[in-house]
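In what follows, chain A forms one complex with chain B and a second complex with chain C.
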Partner chain A sequence: MKILQKTNLEAWKKVNGLGADRTIELLKKKGLTGRGGACFLTGLKWEFTRKAKSDEKFVICNADEGEPGTFKDKLILENNPENVIEGILIASYCIDSKQAYIYLRGEYHYLKERLEKTIKKVLEDTKSEIKVDVIEGAGAYICGDETAIIASIENRRGYPHFKPPYPPQKGLFGKPTVINNVETLANVPLAIVDKDWGDNLRLFSLSGDVAKPGVYEIEIGTKLGEIAKIAGAKDIKALYFGASGGCIPYNSNFVVSADHVCKEDAMLGACSLIFVSKKRSILDLAINIAQFFKHESCGKCTPCREGNVHVLRLLEKIKLGEANEKDLALLEKLSIVIRDTALCGLGQSCTNHVLTALKYFRKDFK
Partner chain B sequence: MIKLKINDREVKAKEGEYIIDVAERNGIEIPHFCYNERLERIGACRLCVVEIKGMDKLQASCCTEVREGMEINTPSPRVLEARRMNMQLLLANHSLNCTICKENLMCKLQKYASELTIEDTPFENTQRKDEIDDSSVSIRRDNNKCILCEQCIRVCNDIQTVYAIGMVNRGVNTRIMPNFDHTMEESSCINCGQCVVACPSGALTEKSSIQDVIDVLNSDKHLIVQTAPSVRATLGELFGMPAGRHVTGKMVEALRQIGFDKVFDTDLGADITIVEEAHEFVERVKSNKNLPMITTCCPAWIKFGEQFYYEELNKNMSTCRSPQAIIASLVKTYYAKKIGKNPKDIILVDIMPCTAKKYEILRPEFKGEADFVLTTVELAKLLKQLNVDFLDLPESKFDEPLGVSTGAGDIFGHTGGVMEAALRTAADWLSGKELKKIDYTKIRGMDEIKEAELEIGGKKLRICVVHTMGAARRLLEQIKKGKSPYHFIEIMACYGGCIGGGGQPPPHNKETLAKRVKALIHVDEEKKIRKSHKNPAVIKLYKGYLGKPGSERAHRLLHTKYSKKSYV
Partner chain C sequence: MSYLKKVNIKGNDYFYLFHTVREGDKFRKLSKYIGKEEPSKEELEKLKEDFIRDIQGKILVGIMEEKPRVNILGDLREMQKKYGCLPEDGVRKLSKKIKMPVIEIYSAATFYSMLGVRKKGKNVVRICNSPSCYLNGSLNVLEEAKKILGIDVDESTKDGKFSLELTSCIGCCDKAPAIMINGELITGVTKAKLRELLR
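On to the complex of A and B.
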């Protein structure tokens, strides 16, 4: 896998020659986009943060990989933490930050010691004075949201905050902050030194009703049929993009890209594909996912906190055969209100799965 | 200036303003629970969502800044549908026992449910069944009515820096609780009741003593009532009068009608506080010891001081009792003796703007003095219950011998008032003259920290007035570090002083509070005597009973002491 190729600080050396502005230009030209799901140009994010005036700035590596069916960052942290840390140093250098944090998912605790050892080594090798600290999450899904990460690192309750202001203007401790996903940062040194590097190559987490679940490096734009073949998926009915991205009906000719998925009212997000076989009921899946969101809603905003309780209740009512058309209509309306009015990105996407399931698999709800 | 459209109407706004504020200025009230002009914006309740042309999702108007050319629709069908559904979600998880709720008819949840014509919720009831926390003597906490708008937390933590409550658990199990599962009584709560004022849904209410008072009204005890300075400036609002009218005469008459034998004025207590405090201050200035001196009329601030700053700042706190505690002490000693009654046969009810007064009367130092405290809001309820036709009442005067007060006593009810009153007396004493200029306008107004430098009797004095405990903490830290430039500091826990107290009617916005201040200043200006030490009742009391300011008897009856308080 390309993402696991170690750049051995070659990029760091090159960046020190190029200087910050030219490094940012290079990243923009290479077209590196964020791997967390929003696909924002990384170079542009850094440029905003670089230009923000402040005595202090921060870099945060988002390693709170919590989306169901997503396990690609784990692979990178296990096998190529060097590149991630090199990416962090480059980001820090480019925005002029002296302190970086890796916000590590609580369940990835076993990686902490190794990460810290690698940090120590990389810092020694680079003689860099940038501090990189690992901070562990406590197991909350919401802390994958960048504003909630900020709150958590600040020792506050892991609650999301409305945007704007965006972290590049006002982030950690109120200072300009770059927050990048693990995979994004791992790509930074590669994008800088590797001539053949392209933004299209992604890590896909493939799971569900497949023979060979795992992390695969696949190009954006690949047909779904090919991906299914890689994973050994047969008799597939639906495809889920994590829990929050929603689902689409399986079609082997479907071209997997953010735009295409978006056209189907779903979200590609961090390239987590969960294959669902024809034997399964979408209603059962919906209940499973709704349980997850009820459990993981942080509780800050009304629609997500209270709404997810009733999404689950309505789904269970349908399952018991006690629901009527009115209940189905209420479920749909509620899902739209949660999507339209929730505070954070996670809240706004937590009913995508219901809305897409009702669109494509409505008969499973009868 | 930028131009934008709200509901097809062109309006102007400044850059950086938020939609909800611009709308309100233009007469459009967007329903909201978590938004409060004085608190950090959090955008949590999602009731204030609006539709903005060109934007996919609905936006919370409390935390979305206006932009040039923005086209906003506040009641579009999509907005109303979402707003109503979010209300229905809140109601599905609420007690819905409005008729027997203390917040009934004052409740924002009720108001918006009515305005949005919500007559039913399509959602199954998910009402939690949490235990009611009745441990505090001032505040009742019923989590079953909490809608998690976090106003109480922000008031307690950000404005007051008391940190008595916080959030636990997550999602639908989220609760607002005192630290580590303790009760309100065990927490660092200072009983100020600002959370009660902020709570829009009846989850936090004052602990009621209405029934206790009704019970004693029917007893054969000698019944005394005293009314705090600020109550007269706010009580009328609870009978539909506009903010800013004082109703002293009607209030006294009402209390007489419901059966009190004597109606005394806490303002006289304020005048006595000033005489003692000014005496204390002049002594401290002369000896240059224990400065700055800090006023101690506010029981919430006293508890705050005892919890967080006792060791360092005990010596800075004035030892004078609050006006309430002075009248209470005089009623059960001086007055009881005068009318030849056993103090045990006298019941004293305090009408106060304050939930912390309920705590103050139970302090061991004041045991056996005042019997019950009713807040302004409780008094209005009591009068309504006893069928008093308040608006049509004639005006009546306070009773002798504890019923004559000066303008100085009246202004105790707002921020800066105690300081101004104290200066009117202290300046006369320090200069040895009868000064004509007695309006200290620099320390009036709603700024949280107000300071002034004065020259009195050839001495330069720096004074400071502060309200809200967060602002006060900044000054207290200064003193702790030995860096306070001040000689005299007034501290009030509530925003605006007592007119913004935890027992005062809502709303507590700047506009309403400013009107209440004006009402008190008006009462002051109407008075012939505006200096406490010129109060004939005060002079008579000292002459016939107390001796001199600072005398042994004065110390016993009019002063108090403090002790270290612990909390979780």
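On to the complex of A and C.
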């Protein structure tokens, strides 16, 4: 896999020769986009943070990979933490930060020791004065949201807050902050050094009703049939894009790209595909995902906190066969209200799965 | 409450606003000079408002500046591991060490599913029930665990050896179903494997 190729600090040396502005220009030209799901240009994010005036700035590496069906960051942290740390150093250099944090999710505790060793080694090799600390979460899905990570590092409850202000203006401790996903930072040194590097190559986490689940490096724009073949998926009915991305009916000719998925009302997000076979009922899966969101709603805003309880209740009512058309209409309406009124990205996407399931698999709900 | 007071200095009368604030165990009296003449009732109300706003601003700034930049999650996780919960003594000690109010520590800590004030069993069994594990039979694993331990989700065995919990995705979707016992990942769990583990 390309992402696991080690650049051995070549990118760091090149960046020190280029200087910050030209490095940012280079990243913008190469078109590196964020791998967390929002696909924002990384170079642009760094430029905003670089231009923000402050005595202190921070870099945060988001290693709080909590989306169900996503396990690509774990693979990178296990096999190529060197590139991630090099990416962090380059980001710190570009925005002129002296302190970086890796926010590692609590469930990945076993990666911490190795990570800290690697940090020590890379810092010794580069003779850099940038400090990189690992901070461990303690089990909260919402802490994958950038504003919630900031709250968590500042010792507050991991509540997200309304944007703007965006972290590049006002982030950790009120100072300009760059927050990037693990995969994005691991790509930074590769994008700088490797001539053949392209932004389309992504890590796909494939799981569910498949024979060969795992992380695969696949080009954006590949047909779904090919991806299913790689994963060894047969008799597939639906495809879920993590829990928050919603679902689409399986079609082997479907081209997997953010735009195409978006046209189907779903979200590609962090490229996690969960295959669901024909023998499953989408209603059962909807209940499972609704339980997840009910548990993981942080409780800050009402639509998400209260709404998810009722979404689950309605789905269970349907499952028991006690629901009528009115309940189905209510479920749909409630889902739309939650999507339109919730405060953060999690809240706004937590009913995607209901809305897309009702759109494509309404039969399963009757 | 702030109040107006006439102060006589070298034979002249001056008016001051006073307000007492509490800082930890100590009290501090803050004052603001108003003028030589007593303000009217309306003026006084406005002056008091401004005064309070100033003080609050200063206190807030003070709090922001004093906030420790040490993250407490690591300490809290250690404590949780050692005692099975976050005991008040431990939190108070931590509070003194990093100069952060006890209430704020609890406020942050209770947000996370891995930290809690209720004592958990010595071994915490977390069963992943997110979609990928669910599709690979996590509910069977859960049922078996309930049967072996004789407890329901979020309960502990009477001898305090085990607690059973559900967890959100732990990133082992490729080796589902997965569970976690005391932070250690166990993948591809079968009923037989579980029986072996929970003996």
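Simple rule for what comes next: the second predicted complex is superposed on the first by the 366 of 366 C-alpha atoms of A that agree within 3 Å, B and C clash if a C-alpha of one lies under 4 Å from a C-alpha of the other, contacts with A are read in each partner's own complex, and residues count from 1 in each chain.
By definition in this document, contacts are C-beta pairs under 8 Å (C-beta built on N, C-alpha and C of every residue); 3 or more make two chains touch, one makes a residue touch a chain.
Predicted, not measured: the structure shown is a model, and the values here were computed from it.
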* Superpose on chain A as described above, then tell me if chain B and chain C fit or clash. => clash
* Is A:G208 contacted by the first partner chain B, the second partner chain C, both or neither? -> second
* Applying the touch criterion given at the start, work out whether A:R156 contacts chain B, chain C, both or neither, answering first, second, both or neither. => second
* Asked: So, does A:G106 touch the first partner chain B, the second partner chain C, both, or neither?
  -> second
* **First (chain B), second (chain C), both or neither touched by A:A140** => both
* To do: Identify the partner contact of A:H295: answer first if only chain B is touched, second if only chain C is, both if each is, neither if none is.
  => both
* Structure fact -> Of chain B and chain C, the partner touching more residues of chain A is C
* Any idea which of 26-34, 80-88, 134-142 or 170-178 of chain C is the one running into chain B? -> 26-34
* **chain A residues contacted in one complex by chain B, in the other by chain C** => 140, 157, 295-296, 298
* Please name which positions on chain B make contact with chain A in the complex. => 41-47, 49, 57-58, 60, 63, 65, 78, 81-82, 85-86, 89-90, 92-93, 122-124, 126, 147-148, 166-167, 169-174
* Would you tell me which residues of chain C are touching chain A in their complex? => 64, 67-69, 71-74, 76-77, 100, 104-105, 107-109, 111-115, 129-132, 134-135, 166-176, 180, 183-185
* Asked: Mind pulling up the chain A residues that touch chain B in the complex?
  -> 140, 142, 157, 161-162, 164, 294-303, 305-310, 313, 330, 333-334, 337, 339-343, 348
* chain A - residues contacting chain C, complex -> 65-71, 73-74, 106-110, 133, 135-141, 152-159, 173-174, 205-209, 213-215, 240, 243, 272, 274, 276, 280, 285, 288-289, 291-292, 295-296, 298
